[in-house]
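Quick notes on the structure that follows.
For clarity, chains are labelled A, B, C, D and E in written order, and residue numbers in each chain start from 1.
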Amino acid sequence: MELLIWLIPLLPFIGFLLNVFVIRREREAGLVASGLVAAAFVVTLIAVAMLAGMPPEERRIVSTAWEWINTGSFRVPFAIMFDPLTAVMALLITGVGALIHVYSIGYMHGDPRVVRYFAYLNLFVTMMLFLVMANNLLLLFLGWEGVGLCSFLLIGFWFERKSASAAAVKAFVVNRIGDAAFILAMLAVFAYFGTLNFYGDGEGGQLGFLERVSDIAGLRIGPDWQPIFVSTAISFLLLIGATGKSAQFPLFVWLPDAMAGPTPVSALIHAATMVTGGVYLMARAEPLFVASFTTQGWVAWIGALTALLAGTAAMAQWDIKRVLAYSTVSQLGFMVAACGMGAYVAAIFHLLTHGIFKALLFLAAGSVIHGTHDTQDMRRMGGLKDAMPTTFRTYVIGALALAGIVPFAGFWSKDEILAHAISHGHTPIFVLLFLTSLLTAFYMGRQVALVFFGTQRDPSYHPHESPQVMTVPLVVLAVGATIGGAINVPALHWLTDWLEPVLHEKAGEFNLWLALIATAGAGGMGYLGWWVYTSNAAKIKIGGKDPAYRYSGDIWKGMEEAWYFDRLYQRTVVVGFERLADFLARVFDPQGVDGLVMGVGRFFGGLANGVRALQTGYVRTYALVFTVGVLIVLGVMLWFAR
Amino acid sequence: MNQLGFPLLSLVLWLPAAGALALLFVPRANVELSRRISLVTMVAVFLISLLLPLRFETNPMQIAVVGAPPVMQFVEELPWLPIVGATYSLGVDGISLWLVMLTTFLGPIVVLSTWDSVHKDVRNFQILLLILQTAMLGVFLAQDLLLFYLFWEFTLIPMTFLIGIWGSQNRIYAARKFFLYTFAGSVLMLLALIALHILHRDAIAAVEPGFRGTFSFGQFVSDLRSGRFTLDTLTERLLFGAFFLAFAVKVPLWPFHTWLPDAHVEAPTAGSVVLAGVLLKLGGYGMIRYNLTLFPAASQWAAPALAVLAVIGIIYGAAVAFAQSDMKKLVAYSSVSHMGFVVLGIFALNTEGISGAVLQMVNHGLSTSALFLMVGVLYERRHTRELAEYGGLWKVMPVFAAFSLLVALSSAGLPGLNGFVGEFTIIAGAFRSPLLGWVYVAIAVGGVVLAAAYLLKLFRAVFMGDVSQPANANLPDLNQRELTTFTLLSIPIVVIGIYPALFFAGMQHSVAALVAELMAQVAGG
Amino acid sequence: MVPTSYYVLLSAILFTIGVLGVLLRRNVIVVFMSVELMLNAANLALVAFARERLAVEAQVLVFFVITVAAAEVAVGLALLVSIFRTKRTADVDEVSTLKG
Amino acid sequence: MDSLMIPPVDLTLMAPLLVVITWATVLLLVDVFFIPDGRKKLTGYLAIGGLVVAGLVGLPLWGVTGTTFDGMLRLDPFALTLTWVFLLVGILSITMSLEYLPSQGIEQGEFYPLIMFAVSGMILLAQGTDLIVLFLGIETLSITLYVLTGFAYPRLTSEEAAMKYLVLGAFAAGFFVYGIALVFGAAGSTRLAEIGAYAASRGLGDLNLTLLLGGAAMVLIAFAFKVALAPFHMWTPDVYEGSPTPVAAFMSVGTKGGALAALVRLLFEGLPTLSEYWLPVLAGLTALTMVVGNLGAIAQTNVKRMLAYSSIGHAGYVMLGVMVAGEQRGPEAFIFYLLVYALSNLGAFAVLIALEHQGENAWRLDDFAGLYQRQPMLAVAMAIFMFSLAGVPPTAGFMAKFYALTAAWEGGLPWLALVGVLTSAVAAFFYLRVIIRMFMTEPAGEPAPALNRGLTVDIVVAAIGTIAIGLIPAPVFALVERSLVALGGS
Amino acid sequence: MDLILFFITAVIAITGAVAMLVSRNAVHSALFLLLNFTAISVMYLLLSAPFLFAIQLTVYAGAIMVLFLFVVMLLGAEKVEDAPDRIAWQQPLALLLGLALLVVSVVVGLGGATTPPPVGEALAQFSDPRSLGALLFTEYLLPFEVTGFILLIAVIGVVVLNQRGRKI
């Protein structure tokens, strides 16, 4: 069993190594990469089955490979574990991952660097698996940064494009800000618990910190006038880390730009898996978060605000992928908000369903892009439903799931979150989230209308359906998006039970009224979106403004720019830092610090010139100086002899 | 004598010098032969030095009790200057072990890098490299303060020539600045050595008449710890300061860093590699070996202030690096930032901090050397170091780009690669240190963010985007030699990243003993 | 008898005048004369002290000093003559090309 | 009247001195009568022979301690070691002059005997234990050097230098004599031992402190002038620059060495009990000297003049040892430093000579440009000397500086050691400048300098010595140490 | 009596010295210095050192001063100080220093204790040139020899410094 779980991350890693060092041909690369990830999926399934065979309380396998860091009291093993939470994450990663790998074979066909692409993809899966399988924060961080790296590589895959390289660097650096907080959180954890392990190895050894959260109950740090709870400090730092990775306010700005990468990448990394890392982290560190009421409030508010903010931004985008990107941010906001409200199972549930249907949407969008010869601007699309029927159908399924229409997967998970918000009294959060869900339906309706209905607005290309290697994954995912909700439908709540050993949560009650209202609202808004944009199709011009712009004006503009946050950062933080760096480098360092050093040199030079000036060449001056010396020597000696 | 029965350390120490001597007899025109002799020597030194970690006792029999001198291994001792009690004594412990290995490891790499970059007076270049190698090894190996100082100062001479003769346009200015700055920085250390010697002699002579004094590091330490020799607070602080200044200039700690960018920018690639790879480590090593060990109380006293400088250096170096358009300058300032981490770790004064600092020195040696080699590869092809001159090379030189990315990420502290382990251990140490605490760390972590910013800026400017300059369109990718170089460097970069315990294990005992002593100082006074 | 201190006082005055001569006069020959005056002043003091102690050695010393002074003057004047041949001056300020 | 009773004279105790002085006198005659113009090199060889013989004659005297001429001369290992150093300096100076003189058109046979006379003056200074002997020794040395300084006839600067040297030297001699008078007035004797005994009698009430101190101060000033301690150093740069280069080389070590040897005797045999008065003064002068010498050198672009200033600075470093010669390490540091300085500095001057051509000098820094490409070995040797003078390991200069600083610290002058290291950091600047010119700039198109045998010998000996002593100083230290066991007492 | 003679001589000596210092003609200076030397030789007589009196007159006043005068005449260097002083700033400074030096030397010189003036046999011995001569050849034999060499060196020096001009 221990060996088996090691296989899960290792299989894709082997794929990575093969693709880097051995494989040179496109065909082999795709097959090997997809095959190994699929194999990992199978292994994961086996592992899950074995896990299910164990008694619920013992469903955790921990395996240590070697001591990673051991210096002083600071010991971190290179250890992974497998428990129910990890299991569902791993299933999502390997499952959706395998499909996306297969899809990529078609999508990336003909790209000169496709081998490298699959290598990156494999590496990503490896790192993502490490992220979810790590048994300590440091190894989690390894995966965390590792997926960040792969994200960087894949966003920048078409590095020739300026936007791609800029987006890649931006993604990495913005993530780094969150990571810095993550590092601090790790240090704090280590300082207060003496270990970074989540759980003990189950053999009577040291317990992990998640099992010992009570140790820090009531502990406070900080200045006397403003002490904060240690649990708050740690969880808040983790929260900042999560906002980076999961693209939450205020660090969400990198994700829309990240769409510069190949679309399957957007599907895998920037929708289904990597960006959910933050949510996973919160779920994993649930005892810490729960221990801090303050942080939980922050988490909920950040999630809800992000959800609304990104939802509004998604409404006003023209780029097919940017809509989905903001939608992803928005949905992640849902999950985060759920975590903040204590609905961890709901968060994970939504994570899973969202992983499936958002991957579907992205892949379908990719199929659209593929079929329209790299067109991404929805103003140049329209009427594609006939040219690409499979894509259209799967896309609609994905859209319905995202919008939260019964019985698609998104409905169940979203509803669970909303129900939790109501039932636990988080009314403001509920309002925000509900509003967002309405917006979601609206912009998905808008998108479907813009892309698939009406007439093709840009006749310069001939749309065609994608090859089977791409459509088959779409169909598979569409099935998943349709029935995926089943894993935690209110009556069965399999997922809740499954996660119970980790998240200790009982199934919530199904709120029929809410479900009805939400579905009705979503259906209505979705239709509204579809209707507005099909009926106004004629007003949409390539490069033109949105019909809604007429009514909302600058507000629409603000939505299109995601309320100018990106630009705000650019103009304050980035420019400020650049100016400061420039000042330090061009003025302060050469003239200040080095100037001081050179000043010392000049000082001695000046003294030297003084000595030189005294050396007049006149022997009488020399005698004069001599006499001065005589007087000094005599004077001092006589002074002493007084 | 030692666990091997033959003077391994002397062999390692003097073999490069012997190679230099042999090169003297090679005709100046026979360029290829000089290079080969030099390479063979360096490789031989490295292979021989491999015996050190192999035969190193990670947990020596002698248990480190508080008050005992540091346990040295492979010890050699010969009388050298009996009149002042200075001896030719060599030894390694867990702290110097890896630095010695770093030095011998970088030796062949440096020589390999000269193949394409140095065409002027090749033989003498190699001679200087070999001599420099001996000098640097001497600093790490010497267990006698006078011997140490001798090697310490001597490193200046070959390096100055390397910069001054083979450097680029502004080389004279840089060479002069390098020499004078570092020389001036270390003169006070000479005085401190003398003071220590005399104070110690006077103290011991009071007990043992006829004692003529010593420069033996081990004896100083054991007498200090056994209380036979004590320093009053002011003296200790002054001596500490004198030593520290020398090391701080070398490291270089902000604000003593301004010689570094000049030296790096002007030095030939091999020179930069040695400078960044090993020479800067002399400072960090000196702080651990001498400042902390000899003056524990003063170290405690000064640690917070020095850590402030270190933290300033981390941020400042990173910010200034970010603003550079010259690749070498960028990497040079990144050294300021990275070495700031090292100093921060050292003055955390705990096991994590110090062992992290040692490992980080090794890491920095590997990563930054590789970065300079990377700049060198580009410079040989295009003869410019301006970022604006490049772009899109990922397409043109994919292998090179891959290695560069690896190196940049290692330098930026990506987990799984070497840089992260060092940095993280250091800040873990600093966080836990009662002298420093989270404020220091919170700022230092900013350096991690900025490191990603400037290194990716570098990477992006060179490798990403389209090939804008026609001159870049047909640049050849790495040749066999360069490939070997980068491959060799990548191995430890990855190995340290995923299995640092191997390296920590060696230094554990020494660092623990040192820290125990520091702690005893706190308890005692 | 005249007290020794009177002689010493006189000698000090003469010595100072000699020093002033070196400091003030530009004529090399006069400078040499001033040096001679200094030596003489010293001799005077020496003899005065010798008389006080009745130490004959001091007289011997004076003898040596006079001899050495003569030798020095000889060399100095020879040098002056040599310089004068090219420079045509005995002004000590004129020989000031070496400086800085 | 009574027959004169000449006190017993033990000539063996002054054998080296005797050999040098006799040989010089005879050589003078031989030169005039037997050696034709144009072959004056032969005189040089003979002079070298004489110095070598003098050195050999001294060998059996190793370890002998004794006085002669009624206690006016003293032979002890201290004096003997210094004698050897002086002989070495003489030999090296003559070696580098052999070709220099004809190339400058100033070859005259008298040059070599004069150098020998100067050496004899230095030996006299090392051996003398009576103020009057010291005075005469200084005058012997000085008058010889006045002549030698003015030796480069067609060059006006040579005569100018001689004139300046003479005027100031005579001025200083005036103070010396006045000092002797005052000391005699106080102590009633010129013997160092008796002065010491008198000075030690303080407390008995008959000590005439003011008189003694005043006299001692004036004598010290005269020595300080010879050693070129600031502010009595003003003559040094001009005189070094003006005089023929071998003479400058000789002076830079010789004069200093002789005067310092005498100073050690004076301070530690005559005035040890008064150290509380003279030590601060001398320490102040030393500090000033190190500062002024090294600062002055910074501004120079003329290497010869730079070396002159540097010699002032080095006088300060030697003084570190001299002042604490009462301690074990003082005289050791002094002699060791002197020896090392002699090697390095003479070597540097030899390189300077190698660059000079017929009738012209090549002392500008620019003349050193690219020397490495023209004459690699010469450049390397010069670099060694420069590093040694700057005190950078592993050259002998470092060891010497290290030892001098140690001695100073031990002697209770840590602040002076501090000044020493700080000024040596300043000094690195101008030594490095020469090195940079030689190695890192392009040659200015000058033809390769001509190296002759004598110079080569000089440079090679000096370079090897500098490196060897730097790496393995123990034997030399041991020698110096053993030679000094006897000093301090008596 | 002695005291009066001393004062007269002292005044003459100082006058001679000062006059030497201030007179602008080198010949005058030499003559004034001669006056001073003569006065000092009288002092030697007063100090019961007749031998030195003779030496002073013959060597100094006779030989050296003649040498001075001779060179002055030979070179025609009586008046070299007509040109303006290039370092005139130094004059007041020099005078100041001279004053200070005088004060200091007086302080030093008068620091000496005064023992009662000696008389009798011992004084006679002191003033006897024979005892001086005896000392010269016994105790002071070495300095005496060295003085000889110094003179030799001086002679060689003079020759060396002046013969080559003719040669070249």
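The working rule: a contact is a pair of C-beta atoms (placed from the backbone, for glycine too) under 8 Å apart; a residue touches a chain by one contact, two chains touch by 3 or more.
Keep in mind it's a predicted model, so treat the numbers as computed, not measured.
Listing every chain that touches chain C and chain E alike gives A, D. Number of steps on the shortest path from chain B to chain C, with steps defined by chain touch: 2.
Of all chains displayed, B has the C-alpha centre closest to the centre of the whole protein C-alpha set. Top contact pair of chains, counted by C-beta pairs, is C-E. With each centre defined as the average position of its C-alpha atoms, the distance from chain A to chain E rounds to 101 Å. Per-chain CA centroids place chain B at a distance of 43 Å from chain D.
Our note on geometry: chain C versus chain D, Cα centroid distance of 26 Å, whole angstroms.
Distance between chain centres (mean CA atoms), chain D to chain E: 30 Å.
For chain B, residues that reach two or more other chains under the stated contact definition are 180.
Multi-chain contact residues of chain A, defined as those touching 2 or more other chains: 601, 612, 615-621, 623-624, 627-628, 630, 634, 638.
Listed for chain E are residues 86-87, 90, 94, 97-98, 101, 104-105, 107-109, 112, 139-140, 143, 147, 150, 153-154, 157, 161, 165, each touching two or more other chains. By the definition given earlier, chain contacts exist for A-B, A-C, A-D, A-E, B-D, C-D, C-E, D-E. Remark: chain D residues 1-2, 4-7, 9, 21, 25, 28, 69-70, 72-73, 105-106, 108, 110, 113-114, 117, 120, 124, 130, 132-133, 136-137, 139-140, 143-144, 146-147, 150-151, 153-154, 178, 182, 185-186, 206, 208-211, 213-215 touch chain E in the complex. Contact residues of chain E toward chain D in the complex are 104-105, 107-109, 111-113, 130, 134, 137-143, 146-147, 149-150, 152-154, 156-157, 159-161, 164-165, 168.
For chain E in complex with chain C, the residues that touch the partner chain are 2-3, 6, 10, 13-14, 17-18, 20-21, 26, 29-30, 33, 36-37, 40, 43-44, 46-49, 51-52, 55-56, 59-60, 63-64, 67-68, 71-72, 74-75, 77, 80-81, 83, 85-87, 90-91, 94-95, 97-99, 101-102, 105-106, 108-110, 112, 114-115, 117-118, 122-123, 125-126, 131-132, 135-136, 139-140, 143-144, 147, 150-151, 153-155, 157-158, 161-162, 165.
Those residues of chain D that touch chain C in the shared complex are 132, 135-136, 139, 143, 146-147, 150, 153, 156-157, 159-164, 166-167, 169-171, 173-175, 177-178, 180-182, 184-185, 188-190, 237-238, 241-242, 299-300, 305. On the side of chain C, the complex with chain D involves touching residues 4, 8, 11, 15, 18-19, 22, 28, 31-32, 35, 38-39, 41-43, 45-46, 48-50, 52-53, 55, 57-58, 60-61, 64-65, 68, 71-72, 75-76, 79-80, 82-83, 86-87, 92, 95-100.
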